[in-house]
Amino acid sequence: MEILRVEGVNKSFGGLRALNNVNFSVEEGTVHAIIGPNGAGKSTFLNCLIGRLIPDTGSVMFGDISLTGMKPYEINQIGVSRVFQTPEIFGDLTLLENIMIPAIAKRDGEFKLHAFKDVSKDAEIRDKALHMLEDVGLAEKKDSVAGSLSRGDKRRLELAMCLSQDPKLLLLDEPTAGMSRADTNNTIDLLKRIGDRGITKVVIEHDMHVVFSLADKVTVLAQGAIIAEGKPEDIKGDPRVQEAYLGGAHL
Amino acid sequence: MDAILLQILNGLDKGSAYALIALGLTLIFGTLGVVNFAHGALFMIGAFCAVTLSRLLSLSFVTIDETQKDFLGNPLKVETPYVEAWFGPQTGSAIIDWAVPLAILFSIPIMALVGLFMERGLIKYFYKRPHADQILVTFGLAIVLQEIIKYFFGANPIPTPAPDVFSGSLDFGALVGMDPNVIIYPYWRIVYFLFAAAIVGAVFAFLRFTTFGMVVRAGMADRQTVGLLGINIDKRFTVMFALAAVVAGLAGVMYAPINSPNYHMGMDFLVLSFVVVVVGGMGSLPGAVLAGFVLGILESFASMAQVVALLPGINQIIIYLVAIVILLTRPRGLMGRKGVMES
Amino acid sequence: MFGLNKKDTSLFFLVLLLVVFAPFLLNPFPEGSELAQFNAGYPDLMQRFLIFGIFAIGFNILFGLTGYLSFGHAAFLGVGSYAGVWMMKLLTMNVIPAIFMSVVFAGLFSLLVGYISLRRSGIYFSILTLAFAQMSFSLAYSVLTPITNGETGLQLALDDPRILGVSSENGAIPPANFFGIPMRESFEMSAGGWLFTFNAGYYLCAVFMMIAFYIAVRIFRSPFGMMLRAVKSNQQRMNFTGLNSRPYTLAAFVISGMYAGLAGGLMVAMDPLAGAERMQWTASGEVVLMTILGGAGTLIGPVLGAGFIKYCENIFSKINDNILYGWFSGLPEGVADFLVFVIHPFIGKGWHLTLGIMFMLIVIFLPGGIMEGVERIGRLFKRKSSSDKNSSARASAAPAE
Amino acid sequence: MSLIRKPLNRRSILRAGALGGTALAMPTIFTSRAWSAGYLNEPTGSTVTLGFNVPQTGPYADEGADELRAYQLAVEHLNGEGDGGMLNTFSSKALKGNGILGKKVEFVTGDTQTKSDAARASAKSMIEKDGAIMITGGSSSGVAVAVQALCQEAGVIFMAGLTHSNDTTGKDKKANGFRHFFNSYMSGAALAPVLKNAYGDDRKAYHLTADYNWGYTTEQAVRESTEALGWETVETVKTPLAATDFSAYITPVLQSDADVLVLNHYGGNMVNSLTNAVQFGLRDKQVNGKNFEIIVPLYSRLMAKGAGENVKGIFGSTNWHWSLQDEGSKAFVQSFGQKYGFPPSQAAHTTYVQALLYADACERAGTFNPCGVVEALEGFEFDGLGNGKTLYRAEDHQCFKDVLVVKGKENPSSAFDLLEIVEVTPAAQVTYPPDHPQFAGGALGTCNPGA
């Protein structure tokens, strides 16, 4: 079943055409990677999905809901979470709080004036957050301030924040960029493990190792247009992709 | 028609003062990223440079004139300025008369030093601190500076007239063939406007055509990159701070004859200058100048009796009202760049 | 207790004790001694401590939690004051309706201002709030004179209707009261050379202050409070986490506006006159200074900041040269003259100078405000005691070797 | 030492503690103001405390400083120090130079900041903390009205300082408050005939008015008096209090056919608007075949100094001026000049006189009880305090006395010699009925002794 369907999306900045008639769909429960050279329009595409940018034309359907024109928080509320290229976390708050916030957002909606409840006594949310921290291996740091974490830990924290919302669709923007090989492998393991929960994932990635270890399906974007789509092993051999993306080099 | 022309003229010189202060304010903000609440105090110190010089020039020695009596019935003490004794009464009184223009020269080194001390002694420790801290510490400094001035000069305004040559006014209307005596404009205000225009021009030329200026402009756009190029940007920024202080000071010196300086004139201008800077767009130099003149002229228009009759109180709030409208319709002010001062 | 955790409960009781026994604590010097000058235990100043404490607590809910720096909160205090005085003019001299309406009006006005201003963030938000406050002040001072009585300030008159009370009592305006207890009424207690004043108005303020403080603690510990801190930390992430930050900030803005209104209402309940100056931007600046001085984002810091500034304003400004000479009367004349000469610029009319210098010192050396100072001292003691422990541990370990 | 059982108040305890020094271990005594007899802050020791509430910061700080100097001089004279100043010329001889009612006069000072709120806070602290029995001073009407209302509520006497608005003794009058200074109506009434003589009765006036209460009453007073002469009011424009540059308000004057500009401004407003008006060449202008003239209804020498050359030849009114040659004024100028080295301002004069009048009223009433003082001051007629024969009218607690019409001096002989007296308008000419429309509304109420 399709969980996300993008049809005929165009987006221009001034004279520059960033996305050119993109058609794209994601099957529920799969991991779908988007690859492409720098400036191919990957981030623009992702931004159109989460409401940060509004496409000039075309439609973005999540199930049977149109995402076009929806506010970022509304898109999140219907089950789309995103991990950013540079981790976006609450740097001044503790790790535990960082996870409790999305968990509360999931439970209570976009706004609730619960000014008289003691958040530390909210066992349901607290347990969930603790559990999540354990999942990503940050449990012992639960009371430290998130801003003090290493980059890799920050990214894992951000992932945990997204996962705590049990999203239907998880968008990951280069989840291993700037990580050491060991960290990258850890992250791959983690992503594989959460794959078991049946969360659909769209991953933008540079690292082919990551793409090929995770993805069920790969879409190649170049100059704002899709030039190829298919199973990882098919893409690997596709000469158009090698031409556009890998510059002819052999994998 | 002539009423409108007059209000535009009026707006021009008020706008000049706003523009000069806002220029320095936005320069400091753009280069150093510091919100300087003490900038109004620099304007005030400039005005008091003029007062101080005219006092220095009028320093007098006392002779007792037995033929006249003072208010207590004692023999009158007659004061003669040293300058008059040294250069003769004619030249001497002419020098005293020209105290304000002379104060331009006098104030430049003083303001540069004040700026230097402020930046090296205080502001540089606040580059990395939150804006709220910067506001607080410079606000504290502004209070301290104005209290010091009050301690030495008192709370009342001190008349500081322009040279006699400029004391009259120009019949602008007659010049352009309208009825005489309708559009009159004081000479000194024309001088002020021209002076302000010259200063603005000089600052722009300096930033555009010198290497120094180019580096600073590059630094305003992207401080980190310029730093990575191995250019000592900090030193240049110190100079920029001193320059901004001099600009504010000169604005104050020349403003002294228009409104007698008092210790709180800086605070009076500060809030409005901030509004000007924000309306122009934080960190935008042309924006500050443009907004200065636009708000100055609008304020003049709003003061017209016909306008006030239509909208009572509009003259009190016009600047704020315009600021609100502009900020809501143009989120970054008239000419602001994206990403400045936003979380 | 009361839904507070242990630490907050003890903090709450500490504040309660301080507030209840303030009349003793603030009058440490016997009457008639030279140091009596520094006593702050008289009703007007004690009321002010609490009222501005409430104001700062409320401001801190907005600024300390969300980081939105409003330069217009004095306007809400002013609107609250005007509403309060009008209640006393029209309805009754009982202060409860006045205080209630103060909160309501300030809340409504802050809803309007907040709704517009919160469309922008950073300094643009600050300038918008500043612009609204300055407009309110300018208009209250001039065009709105029929409502605000302009320069003089809105005050009670003998011929006010007061439909639920009386216009006048024996040729005088009846006193502001709480169900018959006049706010001005005081008990005085003398113990030896000391004199302590227990003022009805002060204790009414104290009740409101404790309620306000309690609510603030609850907000700080609530999910709502956590969301507000999230706004300050990363608004972008918040939006992508499914939270709409606008209603959160607006709620914080209105709550802090209502705190300001409560402060304004209490101000006129204690002293039924509302002057336009209390809406000026400098008054807004004052509450910013209080909050930052005390420690933004801390529970009790803003109250300390408010106390500090009000103390300076009311005590330093009243010291004059004669008093100085009184202090130094034991010293040789030349020395006394010199000391007076040195201190003179900082006292009496120079109190602004003292205040300015103190601000600068605190901001430079204690960026977290007074609370950071307290913490540092606390840490100093802790370190000492823990190093003691270490040395004793080492000592006990030694024989085993 | 036995237990003190008499009605307690702060001062009495203070003195008991200070004098005896032995009362330390006494049992506690509870008392309430509501139960104690007598009146608030009744001085029971050997001293009495007065509260001097003047602007020490803000735009009127220099005037406040001059008021404070005058108060200190008055305290010296009341305590029998110095040369006695106007005590020697005062028509009432009740004061003996031994303080008030035998109690040495002490004082506390406060800063009004020229803000109603701050002024009330500082007055309250003087009443509550320092036990002041009387509050006096101030340099603006808003503050005077606000503090007067406070003193009425609290139950102490308020002797207003420099306050010129009609409302202080008009719609905002209070039984516990007294004003020696003149007011807007008197300015208008005194100025009008002089203006008629100087500028004729066919003039068109343009008013610029500071946009606050004092501005309104002054504009009304001057407008009504000049219109009664036959002048026409062309336009009245309100200017924001915070304005510093008045050019936008001055230039429309050029285009109207007005030939007189009335500046209902005070302090910094007046200095700036007058300077601007002169800069724009208004004084060199000819309109309707007449010289354009400027009028400043309320003059003060301290302000005239700020405006420098620009005041020359400009008419205005003032409460008192140091160049007056009556015995009282001469004595005061001598005494003040000796002590401080320059002549006193009208603010100094009115506050000095107020302090003396209060002391004298207590002396005559034989009590500090506000109600006694009110009784002693109401309808009190006196002389020798610099303004000729003066009456404290019972109906509104306003002094009625001669008003000075002055003009900026063309050739000043010293830095203080800025104004010359054109006419001393006799009291009768500026007297109005208590129910005059400009003063209508409000009621004195009854005196409040605060206990």
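To keep things simple, chains are lettered A, B, C and D as they appear, and every chain counts its residues starting from 1.
The rule is simple: a contact is a pair of C-beta atoms (placed from the backbone, for glycine too) under 8 Å apart; a residue touches a chain by one contact, two chains touch by 3 or more.
Predicted, not measured: the structure shown is a model, and the values here were computed from it.
Counting steps between touching chains, the shortest path from chain A to chain D takes 2.
Relative to the centroid of all protein Cα atoms, the closest per-chain Cα centroid is that of C.
Comparing mean CA positions across the assembly, the chain most remote from chain C is A. Taking each chain's centre as the average of its CA atoms, chain B and chain D sit 36 Å apart. The mean-CA centres of chain A and chain B are about 53 angstrom from one another, to the nearest whole unit. Our note on geometry: chain C versus chain D, Cα centroid distance of 33 Å, whole angstroms.
Residue positions 316 of chain B each touch two or more of the other chains. Multi-chain contact residues of chain A, defined as those touching 2 or more other chains: none present. Annotation for chain D: residues 57, 61, 65, 211, 238, 240, 242 touch two or more other chains. If the chains shown are joined wherever they touch, the resulting network has some other arrangement, not a path, ring, star or complete graph.
Applying the touch criterion to all chain pairs gives A-C, B-C, B-D, C-D. Chain D makes touch with chain C in their complex at residues 8-10, 13-15, 17-18, 21, 23-26, 28-34, 56-57, 61, 64-65, 108-111, 115-118, 120-122, 124-125, 128-129, 140-142, 145-146, 149-150, 152-154, 167, 172, 175, 211-214, 216, 238, 240-242, 442-443, 445-446, 448. On the chain C side of its complex with chain B, the touching residues are 67, 69, 116, 119-124, 127-128, 130-132, 134-135, 138-139, 141-144, 235, 281, 285, 288-289, 292, 296, 345, 350, 352-353, 355-360, 363-364, 367. By the touch criterion given at the top, residues 57-62, 65, 211, 235, 237-240, 242, 244-245, 247-249, 251-252, 254-255, 268, 271-272, 275-276, 279-281, 284-286, 302-303, 305-310, 322-323, 333-334, 337-338, 343, 413-414, 416-417 of chain D touch chain B in their complex.
By the touch criterion stated above, chain C contacts chain D in their complex at residues 30-32, 36, 39, 42-45, 48, 138, 141-143, 145, 149-153, 155-159, 168, 170-173, 175, 182, 184-193, 195, 197, 271-273, 275-278, 314, 317-318, 320, 348-349, 351-352. Against chain C, the residues of chain B that register as touching in their complex are 35, 122, 125, 129, 131-133, 135-137, 139-144, 147-148, 151, 271, 274-275, 278, 282, 312-313, 316-317, 320-321, 323-324, 327-328, 331-332, 341-343.
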